[in-house]
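Note that the chains are named A, B, C and D in the order they appear, and that numbering of residues resets to 1 at the start of each chain.
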């Protein structure tokens, strides 16, 4: 199977609510970048995180195995630094092979949760994270 | 009427909540792939489902009749195997004619339901599921 | 100002919940197609509605005035026939000038409402509704 | 780092609910345009807001600093005029450099909030706001 998708994806929205009604991982407020790698080679991804009032954080490095999906929680990022809660951010993903990226938030500040999701923006231009 | 859309679509997000507040089909937590076939020929679709820690499941085969829409619940898939609940997955749809695909989740773990939806990603590259 | 966007748009998802907690128009469960016409000429739009088990309904005809947006509720459609509630449908919009279309649902079966939204799919192929 | 994205973006949906269960800024019903500027130059953006029954408002002018994201609340717009609540609107963003735009609503009329989000529509045509 061929790898399908694009190599550069952007998600301008980002916000992890700082409260959760539960400590159950399923019900902790979180944001996720769902990455699908349909190809036969590992997808090595560099993630940069942008803020409103400081320099970007990153690169965060992760791998999506061949023919696998990785639903990466921004909450779980630690190296080089965690993503702060209650803070506006945005993200840019650069993969060495084509992948597809979707953005989802679960807002569990209240037991009656809210959801949002969108396919990320596939950037047409070729380019690296410098 | 001409068939419009694309032949290859991807949805990186996938997660069927394992609980529902009701057994009414309308209020069972579910994920749906809405497929629109505007053309005069049946759309024969092959669906592959990807996971984080095992080989993909499928192909699942289904048909969307001419000038019809099919709102396919992932919960209803059985052959070759059901989709597990509380499990991250992703999906790839390949149709023999152009169609349009949209992804929706109803989270009914709580009576105050939550929704998400997005047009799926139309993969530009031609290619088969092998 | 030039008209921007596309002339043919598809929304595979469609479902108007049959119940609402209120009769206030703001809180009646509904689906909306938001159409933006940035140009200086009226946008004359033909809408076809597709179902899972019957022939399409339409065309529904409406106009979006120059430099205006119209947030069209599917619930309000009457000619040639109303859209049934609790029923899967899909929609295809054809405009004589470029417009942009976004799809939104308010699910108000419960007072704690749920929302979904996505930009509709801009169909690349030129073509008419026959 | 190169600026990535597009220069002209549209969001046909727009509606700020007129009520909020709280005065905490986090829980005031709002709509946001999240703009990501990955480049090394400031993004100077002109925003026009369209209505159903009157001429457009604007231009609203704002800047997104290099390598920053701005999550602009429509509620905060004041010059040349505020955006009315409980009113259908749409928006068009024109930037002097490529950016990426995402649209989000938090409906906090009820303490059990609802969310929607979508990447905005990247208009292919070049053109100005006149």
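A few remarks follow.
The definition used in the following text is that a contact is a pair of C-beta atoms (placed from the backbone, for glycine too) under 8 Å apart; a residue touches a chain by one contact, two chains touch by 3 or more.
Keep in mind it's a predicted model, so treat the numbers as computed, not measured.
Copies chain C and chain D of the same sequence differ in orientation by 90 degrees, per CA superposition (steps of 5). Of all residue numbers used at the contact between chain A and chain B, under half are used by both chains, marking a mostly different-residue interface.
Among the remaining chains, B is positioned farthest from chain D, on the basis of C-alpha centroids. Taking each chain's centre as the mean of its C-alpha atoms, chain A lies 22 Å from chain D. Chain D has its Cα centroid 31 Å from the Cα centroid of chain B.
Residue positions 112, 114-119 of chain C are each in touch with at least two other chains. Looking at the complex, you find that chain A touches chain B at residues 1-2, 4-5, 26, 32, 34-36, 38, 67-71, 98, 100-102, 104, 111-119, 122. Taken together, the chain A residues at the contact with chain D in this complex read 8, 10-15, 48, 50-53, 55-56, 86, 88-90, 92, 103, 105, 107, 109-110, 112, 114-121, 123, 125, 127, 129-130.
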